[in-house]
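The following block contains the structure, expressed as structure tokens.
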Amino acid sequence: MLRVGILTSGGDCQALNAAMRGVVKAIYTKRDDVEIYGFQDGYKGLMYGDFKVLESRDFSGILTLGGTILGTSRQPFKLMRKPDENGLDKVEEMKQTYHKLHLNCLVVLGGNGSHKTANLLREEGLNVVTLPKTIDNDLWGTDMTFGFQSAVDIATDTIDRIHTTATSHGRVFIIEVMGHKVGHVTLHAGIAGGADIILLPEIPYDIDVVVRAINRRNKSGKKFTIIAVAEGAISKEVAELPKKAQKEARAKYPSVAYEIADKISERTDQEVRITVPGHTQRGGSPCPYDRVLATRLGAAAAEMILEEDYGKMAAVRNNEIIRVPLEEVAGKLKYLDPDSSIIREAELTGISFGI
Amino acid sequence: MLRVGILTSGGDCQALNAAMRGVVKAIYTKRDDVEIYGFQDGYKGLMYGDFKVLESRDFSGILTLGGTILGTSRQPFKLMRKPDENGLDKVEEMKQTYHKLHLNCLVVLGGNGSHKTANLLREEGLNVVTLPKTIDNDLWGTDMTFGFQSAVDIATDTIDRIHTTATSHGRVFIIEVMGHKVGHVTLHAGIAGGADIILLPEIPYDIDVVVRAINRRNKSGKKFTIIAVAEGAISKEVAELPKKAQKEARAKYPSVAYEIADKISERTDQEVRITVPGHTQRGGSPCPYDRVLATRLGAAAAEMILEEDYGKMAAVRNNEIIRVPLEEVAGKLKYLDPDSSIIREAELTGISFGI
Amino acid sequence: MLRVGILTSGGDCQALNAAMRGVVKAIYTKRDDVEIYGFQDGYKGLMYGDFKVLESRDFSGILTLGGTILGTSRQPFKLMRKPDENGLDKVEEMKQTYHKLHLNCLVVLGGNGSHKTANLLREEGLNVVTLPKTIDNDLWGTDMTFGFQSAVDIATDTIDRIHTTATSHGRVFIIEVMGHKVGHVTLHAGIAGGADIILLPEIPYDIDVVVRAINRRNKSGKKFTIIAVAEGAISKEVAELPKKAQKEARAKYPSVAYEIADKISERTDQEVRITVPGHTQRGGSPCPYDRVLATRLGAAAAEMILEEDYGKMAAVRNNEIIRVPLEEVAGKLKYLDPDSSIIREAELTGISFGI
Amino acid sequence: MLRVGILTSGGDCQALNAAMRGVVKAIYTKRDDVEIYGFQDGYKGLMYGDFKVLESRDFSGILTLGGTILGTSRQPFKLMRKPDENGLDKVEEMKQTYHKLHLNCLVVLGGNGSHKTANLLREEGLNVVTLPKTIDNDLWGTDMTFGFQSAVDIATDTIDRIHTTATSHGRVFIIEVMGHKVGHVTLHAGIAGGADIILLPEIPYDIDVVVRAINRRNKSGKKFTIIAVAEGAISKEVAELPKKAQKEARAKYPSVAYEIADKISERTDQEVRITVPGHTQRGGSPCPYDRVLATRLGAAAAEMILEEDYGKMAAVRNNEIIRVPLEEVAGKLKYLDPDSSIIREAELTGISFGI
């Protein structure tokens, strides 16, 4: 009997269900003697033994379904080794559930924080296989995470819609795009949406350069400007402060879009408007690209399980599915390289990065 | 020679271009000796004589185009009779432009404020024909305005996406929908998106009833609640205050969604999240429903011009296009009727209106 | 105890699930002592006693789901009074199931054929309540059926996409739109998609007029022409033939689009291409308009059940929900009126109807 | 003065305008002394000297526009060296136009056939830079062509919609997907749409295996089957015939979907339906993925022009933009590798390839 635990952890994103369907369908293609244990709400379910025994048919028809049928929760890694509310060691509790159910392995679909925990469980001797899930695409070891392209599609759609309003009214529009500490989603949605200015965490911006870019557009007869700003974007001045002072500087505004709007309003007479698509960027049916990626990664994870090749993440590199050891993935962020060719190409087409 | 001025006024919305295309195509079907004067940025263009002479082909291929090729601006009616920055009477300036160009008539695509001004110009002797444009659907005299269904589609799409996130995380999600002082868009998007609670300006809500509805869902095992709230929604308590105090009470929060979120957080231990789709609700390509409506209304406006039947708005009532005198339209808002059957039907399906 | 049977009959369409959800949610809002019997695959399930006992939660989360959770099948009315494969009277068998389960009433979601059968069951003494379901919008007694607007949206999307190809290549494109014997979907999608020529069953076309319209476009410098043709469209010549000869004339071509393509190719040197979106027009998530309509009609049907007001269809007229006796609905088609104002308005904007 | 000719050739696809916008914007970022010559309708425009002098602003606002603002036409390579209708050598005429306009280079956006011609012009001494355009993704030398992902999105949307109908009625549905002689679009759309069977040109199918897969689904209680078939798919028997006999065998059916439908109908009692999305797969606004890819490739082509590095195609390999000599690209097709891991992964999840 093959006993597989599975959980989804961290912020939800598109194609979580598609990926789980891939894992389970592929296992059942090769084995009949399978039991799937679906843990509720991420690591919490593993901690508290909150699970359902699922069958093949529970994963049928969910390819296009947004969200996760298992539920998810954010479990900050920092708190992971702290005792839980019953005073018990969290990791110890998770191990106990794992062993009590005689699991052969645990499949974790998660992003950065979740991979730290997954690696910790691996170090504790559990057989762990992971899948790279996040709209941010900031996971080390894989070219691409599922959720990313769907989020880019939604953020682009937002910029497209704002474009018509901006054109009609002649305003500066700031669209704040998700992405946590990295700029991947913003960069792609910004290029795809025809943003005039793109501000990213990896390229601290100079507000005076931003204002000059706006003024230059106005002088050339274009009455509106579209700015795509990553939620983690940062100004040059603030980037040079110590971490704590950075945090304080940011806390003055609801979010970075408001900070930039304020500064532009101080320096120009343009009307400025803000749009924050927010959680919609995580929601709804995955785009076809993500469905293919998630299905492939899911099948690849199943292969790892069938081969008992544990302690690794199914990843994609140069369009091929590979396996990356968890210790290489855990604790590292995949930032945008400011010197990468996509930045240069974007600049060539006239996009300003505020520098 | 038939000389037709045309302008789009107020907040932009979908199908403005489709409607103008309808007007112009229909005029050219019947007449060859036509000159079209497109005024820039709404009434401003008429005031300052800022226009372009347009041809039939300028209106070709714009059926699906969002925004307005003429630009638009908000001109509060209250300021309309104040002198402009040159100390001149605004209405007088518009009349001068109209007469200087020897216009036979002026076509105005606008919402509530714009119809007040249109009626004022009519009173001053100008030949005015109008089209009902607004996502809010709050214009008196017509069952439907173009832009409304497109806005409903976008707001519903937002709720759909949030649904998957809400399900995955088990949260209360508040989606704030546009609509100015009326609840039409929110009601329709709320029903279409399967919202659990819908809060509308026309039905002041009781926060305790809202909280009870959330708790009832939790008790029945549903871990999330979706609240669609109109930007003009108001609590019972505040609704009973005098106007000025109402304004002050509202000013404490960035917008109504934040107020409700605060109150729910005070009264429950649920995580609450806010999504504000904002200006995206006015943007992008019009939905097919709006394209048909705008084309029909545009053609009907052309018929009015060809028949020299002025001083009226092309409107739709019981699925037929009719003509409504401007004096009946100007200055009235079309509110939702709290006793209408759609409200009763929505309540029957389990939706709470917070009362 | 309230025992309600429910079935979906005829070709599937969008919002069937939304409507059933409306019925069931509204019944449970008012009553606790309810049993819902879902018959499989339309009247077949009622005939053969093939059903599932469903609960409130089976209808949760299906608002946006395409298709029907009960399955459906086409049961031509003509065959309804013929014995079934076991030599038993079909209607008699349905009555037996109904009585055996002690049903209080039967809810039927169906189009034209299904309403004939529903009326027949009413005549046999069953308590029947119906909902108007069809993309064709050809059901007598209601201004609108659910499925229609979703089908218009999909057909319009097809025309939109073809537009870019047509423009790039300078071709004649024929898009064949569903609608059975009526032209509602084609007319609305044709106007919304900016079709140059629209051919409808209710307005038999003259191929020479069609060709002249194409040539006129070419002469004016427009290298492409978009023709939206209803699957039931018919030429003047064929329309004048007796029914049998009509059928033979039609049988020469896979479908009407091929006939028209052939005739255009004979008469011009234009490249002609055909696109048939086909069953996609029935599929996928219902548009927000249909979700609202289906939810309202569902709730209204529940009200009829709770009031024991049977033998009627929940319908919409002038934006209000009404109840129409089944004997008025059964056996009648709601054709497009060639003299209606929407046709005149479309012609005004330059659309040719081939006459 | 930098004189750049530009043309789009072959079947139209999404992101042609986005790519041209990228080229032109990037050239103008670096140079002021530029003249852009846009040739009409592909190589024809170059042959007959049919062009427009375009400016930077002609390429503004076209990022999201489907089709090509220059028009396109198919020019079979085989006919390229035949004299034109005036008895003149086609290539010679193109050279003359090029030299008469003192062009510094020619930018060609095209697929396979167009690259053969581009290479021929290079051999004749013209400075040619190309961009890989085709929904088929069958161009040698690049991992990805623009248009591909947009076509996958549309074909997937078709399968999604058919899924709801198939589920409701319990039928076999065959969706015929574009792709010319290769299966890339079908494979990706098939996986993304959750097809049960995928039939590709590169993997000749055995109809008996297809039928067994259908029967297996029925036995397991699933009443419907979705088959995604590439327009170039071929059965084992026919694949073994000589080319001429293959052609004859195919000519018996309107297209491959009809052949497969016939064979399934002969072998099972299942209702079979066909959907052919056809040209819609080339149409409409490019998806964000394609917009980013086309913009990057466009900027990269501009870099090549500015560096006078001619005779190459801008391509993407392992997520980086590279330059591939035209002689390596011309005349080769990039087929799907039947042994690639994506095929294995798809099979693991239960998809049958009919072998």
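Residue numbering begins at 1 within each chain, and the chains themselves are lettered A, B, C and D in the order written.
Definition applied: contacts are C-beta pairs under 8 Å (C-beta built on N, C-alpha and C of every residue); 3 or more make two chains touch, one makes a residue touch a chain.
In this text the structure is predicted, and so the values were computed from the model without any measurement.
Visitor: Return the chains common to the contact lists of chain A and chain D.
Guide: The shared contacts of chain A and chain D amount to nothing, since no chain touches both.
Visitor: Of the other chains, whose C-alpha centre is the longest way from the centre of chain A?
Guide: Greatest centre separation from chain A goes to chain C.
Visitor: Using mean CA coordinates as chain centres, what's the chain B-chain C distance in Å?
Guide: Here chain B and chain C have centroids separated by 31 Å.
Visitor: Roughly how many whole angstrom separate the Cα centroids of chain A and chain C?
Guide: For chain A versus chain C, the centre distance works out to 42 Å.
Visitor: Please report how many Å separate the Cα centroid of chain A from that of chain B, as a whole number.
Guide: 35
Visitor: Name the residues of chain C that each touch 2 or more other chains.
Guide: As it turns out, chain C has residues touching two or more other chains at 160.
Visitor: All pairs of touching chains, please: list them by chain label.
Guide: All touching pairs, sorted by chain label, are A-B, A-D, B-C, C-D.
Visitor: For chain B, which residues count as touching chain C in their complex?
Guide: Where chain B meets chain C, its residues are 21-22, 25-26, 28-30, 63-64, 143, 149, 152-153, 156, 160, 188-189, 191-194, 287-289, 291-292, 295-296, 298-300, 302-303, 318-321, 341-342, 344-350.
Visitor: Could you please specify the touching residues of chain C with respect to chain D in the complex?
Guide: 8, 12, 16, 41, 65-68, 71-73, 154, 157-158, 160-165, 167-170, 173, 223, 254, 273-280, 282-284
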